[in-house]
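Each of the next two complexes has subunit A plus one other chain: subunit B in the first, subunit C in the second.
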Partner chain A sequence: MSQDQLTPMASEPILEIRDLKTHFMLDTGTVRAVDGIDLTISRGKTLGVIGESGCGKSVTAHSILRLIPSPPGQIVNGQILLYRQGEVIDITRLQPKEATIRQIRGADIGMIFQEPMTSFGPLHTIGNQIGETILTHQQAESAQSAREQVIELLRQVGIPNPEQRVDAYPHEFSGGMRQRAMIAMAISCSPMLLIADEPTTSLDVTIEAQILDLLVGLQEQTGMAIMLISHNLAVVSEMADDIAVMYLGKRVELGSADAIFDNPLHPYTQGLWRSIPRVDGPLDKLIPIPGAVPSPRDRPTGCVFASRCNRFIEGTCDEPRPVPTFEVEPDHFVACYLYD
Partner chain B sequence: MTALIIRRIILIIPLLFIISIISFIIILLPPGSYVETYVENLERTGFLMDESQIKAIYKQYGLDRPAVVQYILWMSNFLLKGEMGRSFIYQKPVTEVIMERLPMSMAVTLISLAVTWLLAVPIGIYSALRQYSIGDYVATIIGFVGLALPNFLLALALTYLVFAKTGHAVTGLFSIEYKDAPWTVDKLFDLLGNIWLPILVIASAGTASLIRILRATLLDEKNKQYVTTARAKGLPEHKLILKYPVRVAINPLISTIGWTLPLIVSGEIIVSQTLGLETLGPVLLSAAMGEDMFLVGSIVMILSSLTVIGTLISDILLAWIDPRIRFDKVSI
Partner chain C sequence: MSESEQPILEVRDLRQFFPIQEGLLRRVVGYVKAVNGVSLTINQGETLGLVGESGCGKSTLGRAILRLYEPTGGEVIFHHQDRQLSVLDLDRHGMRQVRANMQMIFQDPFASLNERMTVLDNVIEPLVCNGIGSRPEREATAENLLAQVGLRKEHLRRYPHSFSGGQRQRIGIARALSIEPKFVVADEPVFALDVSVQAQILNLMKELQAQLGLSYLFISHDMAVIRYVADRIAVMYVGKLVEYAERDELLRHPAHPYTEALHSAVPRLSQKDSGNRRRNRILLKASPPDPGNLPPGCVFQTRCHYAEEQCRQEEPPLREISTIHSVACHLAEELNLSGI
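Then we have the complex of A and B:
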C-alpha cells in the first residue's frame, strides 16, 4: 500500500462491520459469541478492541477472515464490508474455501495470532512458511526472489542474521522471535489491514514493548491499518486511535482512545479502568469488577452487563430488549441507559 | 544428522551381541533335544543304537561340548563363514533353508505393507477431515471388523468363497503344477492369481490399525493453531492440509515402519500356516515344534536383529522428516 501512504484522509473506511452475529450451534445450545457488533476500521488507523476473555474479540477477528470453524460456528447475520481498489466485498457472503476469500487472506488482510509458540508448523523452515505466503499471492514470483523478500522482511522485523535465520525451524526461535517472524509473515504481501489478535499476551513485558514498537514502526512505514485485539488496557490505549469496548458479544462503548481514556462512559469501561493501577493517579486500592462474565449460553435478556453493574436501574436495565446506542459526544458511542 | 546415525549404529553392536547370547540360551532352554527324540524314534521302530553311536551323533553336531563352546562355535561360524549351523529336520544348512523361503516372505510382506499404506493413508485422511460423515463411519466399521476378525478366519472364509465361486483352490502361493517348476511367465501369472488373497488378508488388519492411528492424530493436529495460520495466509485447503497437519500426523506411522521389518520373517505365521504359504513363518513354527535348535535360534536371532535394525531405520526416517528430532535438543 506504499502508494497510499501518508495520505491523511480523515476517515476513509477500509473495513466496516455491520451488526455482525457469529453464533456457535452446539449440542448444548447456541452460544452467541458475537451478537450484533458494529465496527469501522479506517485506512492507516489503529482500532483497539478490548474486553475480558470470552467477550467475542477473537471470534470477531476470525469472522473477518472467515476462519470460524463451521460447524459449529456460523455467521448468522450482518455484513463485513471490505473496501479494496474501488470495489466493496461483503465477506460474510463468501464461501469459506473459495478463491476470493483466499485472496483476501494474507494479501489484503494479514493476521497475527495469540500463540507464537504454535503458530508455525513444526516441520518446515520459517523461510519456507513466510515465502509460501508470497508465492501464493504473487504468482509470478520465483522461489529465489521470494526467499530474498523473506530475508528482507525478517530484517525489517528485527531478526538478527536473517540470511541464516531464514533456514531455521520454528523450534529454534524464542517466543518473541517467533512473534516477529509471524509479523513478517502477516505483512509479507503488504496488506492494507493487519489483525493482531492478542499479539503480546503470551510474551513477557519487555518483549511485549518491543513487539508493539515494531507494529507502530511498521504502520508508519507502510500505512496499513491495524485492528489490535487485547485484554490489556495499557497496550490498547497506547497504540490505538479508536477503541471499542466489548462485553459478552456486544460493543458497549466506542470512541477515540482519548475519549475512552479520559471520559469512560459505560460502567463496564469505568470498572476496567478502576481495576488497573494508574501510574499518574493516587495509589488507591484497585477495585475489581464484581462477578464474572456470564456464560454466553444464558446471557441476560436486557443489558448484558446488568448482573455486574454498580449503577443498575431496576425496571430499565433488565427490560428484555437490546440496549440502544447513544452518541454522548461526537464520535463517542455508548450502549447504556444512563445516557438516555 | 550423520553423527546421530553413526552413534546409533555403534550402540547397536553390543545390543546385537546380547541378542545372540539370548537367542542361544533360548536354543538350549527346552528340555530334551532333537537327537534324543531322534534316537527314541529309532528305538521305537526297533533299531537300537549303542552309546557310542549316540555319542557320535552328538559329536557330529558339536552337542557334546559345553554350552559356552557351542555358542562360540556357532557365532564364529556365523561371523566368519556366514553359516548358522545345520537344520536337523531339513538336513540342510540353516542358511539354505532360510534363503529358500526368504524371497517369497519378503514379497508377501512388502507387498502387503505397500497395500496397507496405500489404503490406510488416504482413508485415514478422509476419515479425519470428514469426521462423523457416512464415509467416516463406513471406514470405521470396516476398520474395526478388519481389526477384530482373526486373520486366519478371514483367510479360511475367503479361500472357501473363492473355491465355491470359481473352483480355484488357493492353497499356497503356487498351484500344484507350478510348485517346483522353473520360473516362466505362466508361473508368474499363477503366482499373481494366488498371492492377492494372502496379501488382502494380511493387509486388512494392518490397514485397520493404521487408519485408526492416522485418524486420531490428524483429528488432533487439524485444529492446531498452525493450521489456522496457514489458512489465514490464503493457502488452498487441500494444499495446507497435506503440507502441515498430515505431515505431522504421519510421524507415528513412520515410527511403526521399523516394526514391519521383522514381519518379513515371522509375518503372519498363522495365515501362512492356514494358507500353506512357503514363507518363513511356518518354518519357524515347525522348527520350534521339532526342537530343530539351530534353525530356531537362527530365526530368533534374525528376528531380533531385524527389530533392532528396523527401529534404527524408523528413527533415521523420523529424524529426516522431523527437524525437532534432528538436533538432540529438547524443543519447547
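Then we have the complex of A and C:
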C-alpha cells in the first residue's frame, strides 16, 4: 500500500469525546473535575493529554472506561463514542456493570495505570492475572493455551525468562518489570485503543526510556491508538501526534504536537513552556506561572486560567460564561479570548 | 571566582552500610552498601548537583553528610570560620554548632512540616532547638524569612494544611534558613510539585543562594532540573560516584557510559531540527544491581555496552581526566561518548 492510501485511514476516529462533563457530588459541593471537553483519538495515532494536578486528565480516562466511582462521581453530560467494527457505541449510555462495557474494557480499550504495584492483586501470579483477562474475553480456549499466550505476551514486552516469570508474584517484579507486565495485560486482547495514564511517572529515566520504546514498537506492530496522559511535557512531546492541554477540567488547547510546541497559543501553554527546565538548548532563566492551580472547589467563574493569566482582560475573561474555542490555524484550537 | 574556590565541605571516602539481618537471632548476613566510598568537595556559594536513579544512594549520601545517620566510615570536613571540623568525630555539643550551619530541605512538603504547629512554630523550630534568640526576636526572624520566600506575614498564624504544595515548600525553605546555615542539602525539593510551580521554587532557591551566599548539595533524579541549578554535577550509581564534572562539561562530554545512557534516556521537548522525535536511545539492559550483592569489578559492568574483561575484574577508581572532570571508568580515554 502506498502512503496515500494509508492517509485517509489514519485520520479515521476510533474514539470521540463530545462535551463530556464528569462531576463529583460531595457534601461540600460539586467538583467539576471534567467540565465540557472534546477530544478525538484517531486509529493508529497517539493523542497526548497534558496538564497538572486537578486538570481532569485521569478523570477523563476513567470516564472512558466507566470507572468513575458512583456516587459521588457522575457523567452528567456529553457523549463518548467508540467506533468499532461498523457500529458506534456511546459509552456514557452504558450501565457501569453491563456486559458491553466489560467487554470494551480490556478487549477494545486497554489501560495502563501509573502505579503498577496497586494495579495487580498481590495474591495471584502475574500469569494467572493476565490469563484471566484473556479467558474472560474468550481469546483462549483453555487455561493451558491462555498460559502460552501469556508467556508470548511477556516475551513481547521484553520480560526475560518469561517461562519462569509467568509464575512469579507481582512483588517479585521490579517497578519497570511490573509496568511491562501491566502493558502485557493491557494488550493481551489486542485493543484498538490503549489508554496510558502516567505510564512512566514512577520509573527511573533509563527504565522510562525502555517502556516508551516498547509502546512505540507495539503501536507500530499492532496499529493501536494510544491516549497518553502525562504531566511530563517532554515525554508527551516525544510520543504524541496530537496534544490536548487541559487545565481545571477544560481543554484549553488542542493541536498537532508540532503546533503545540512551536506555536503555543494559550497563555497557560505558553507559561508551561517558559517554566520547564530543559536539558538542552539555551539555559534561560525560568519564568514561573504565578500562584498555584486553584482547588477545583474555587474555580474562577469565567476562564479557568484567569486567576494566573498574564494576559488577563478585565471584563472579558472574568465574565461568568464558558470561553468559546477558536480554530486559529487549521486543526489548532484554543479556548482564549485573545484569539477572538 | 576566588571565593567560590574555597571549600565549605569535603567528603572523603564516605561509607554508609546497612546490615541485612536474618533469622531469629537477627544475625548479620551482609550489608547493603548504600553509600560505598564517596568523595566530593562543595565550594562556598556553589551548587553541586547530585543526580542518579532511585536506590542509587543519593538521599542516603545527603543524610549521611549531615550525620542524620551514623556513617560506617570516611570523613566529612566542614570548614567553619577558618577551622576545619571533622563532623563525624564531633560530640553532641560540637554537633549542635555544626548543625546550625548545615540544614536540609526535604522532598515531600506534605510530610516534612509538623501539621500540629503553626507556620510560625514550624519556621522557628530550629531556633528553639538551638536556643537562639528570644521569642520576639525569633518572630521577627520568621517574618523576614516569610517575606524572603514570598509568603505574607499573616500566613504565620495559619497551619500547614491550608497551604498548597508550592507554598509548603516555601515554608520548608524558610525553616531550613531560619538559623542562617551556610550549607543546605536539598533532597528532590521540587519533586512533588506541579511543573508550573517547580520553576518558582527553583528560582527562589537560586535567589536565596545569591543573597545569602549559600552552598547547596542539590539532589535530584531530573537532569533538566540539575542543569538549571548546578555549577558542577556528580552522577551516582549504586552507592558510587561514577562521574563528577563541571556542568556543561558533564552534559556535553560525558566520560562514563552510565552518564551517556542517562543523557540519552532523558525525554526532550520537541525540536524541529532533530526531525525524528523518537531518537535512537541507548537502552540499558535490565536493572541496576542489588546494593547488598554487588557484582565484581565496576558497579556498572552488568549493564554497560562497552564493558571489557578488565571491567569485570577490577573496580575502576574515580580519577581526574582533566582539571574539571573526574570519572570512574577504565575506558574513559578510549570511548567517544555522546553528550546532550
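We adopt the following convention: the second predicted complex is superposed on the first by the 325 of 340 C-alpha atoms of A that agree within 3 Å, B and C clash if a C-alpha of one lies under 4 Å from a C-alpha of the other, contacts with A are read in each partner's own complex, and residues count from 1 in each chain.
FYI, contacts are C-beta pairs under 8 Å (C-beta built on N, C-alpha and C of every residue); 3 or more make two chains touch, one makes a residue touch a chain.
Note that the structure is predicted; figures quoted are calculated from it, not measured.
Superposition of the two structures on subunit A shows subunit C fitting alongside subunit B with no clash. When the two structures are aligned on the shared chain, A:Ala143 is found in touch with neither subunit B nor subunit C. In the superposition on chain A, A:Met25 contacts neither subunit B nor subunit C.
Applying the stated contact rule after C-alpha superposition, one finds that A:Glu238 touches subunit C and leaves subunit B untouched. For the superposed model, the angle subtended at the Cα centre of subunit A by subunit B and subunit C works out to 80 degrees in steps of 10. Using the contact criterion defined above for the overlaid structures, shared-chain residue A:Asp204 touches subunit C, although it does not reach subunit B. Contacts of A:Val88 after superposition: neither subunit B nor subunit C is touched. Counting the residues of subunit A touched by each of subunit B and subunit C gives the higher count for C.
Nearest C-alpha atoms belonging to subunit B and subunit C sit 9 Å apart in the superposition, given in whole angstrom. Within subunit A, no residue touches subunit B in one complex and subunit C in the other. Within the complex formed with subunit B, the residues of subunit A that make contact are 65, 67, 69, 97, 102-107, 110-111, 113, 115, 117-125, 129, 132-133, 136-137, 169, 171, 182, 185.
By the touch criterion given at the top, residues 53-54, 164-167, 194-200, 202-203, 221-225, 227-228, 251, 261-272, 277-279, 281, 283-284, 286-287, 340 of subunit C touch subunit A in their complex. By the touch criterion given at the top, residues 52-53, 160, 174, 176-177, 204-210, 212-213, 216, 231-235, 237-239, 257-258, 261-262, 271-281, 283, 285-290, 292-293, 308 of subunit A touch subunit C in their complex. Those residues of subunit B lying in contact with subunit A across their complex are 223-237, 243-244, 247-248, 321-324, 329, 331-332.
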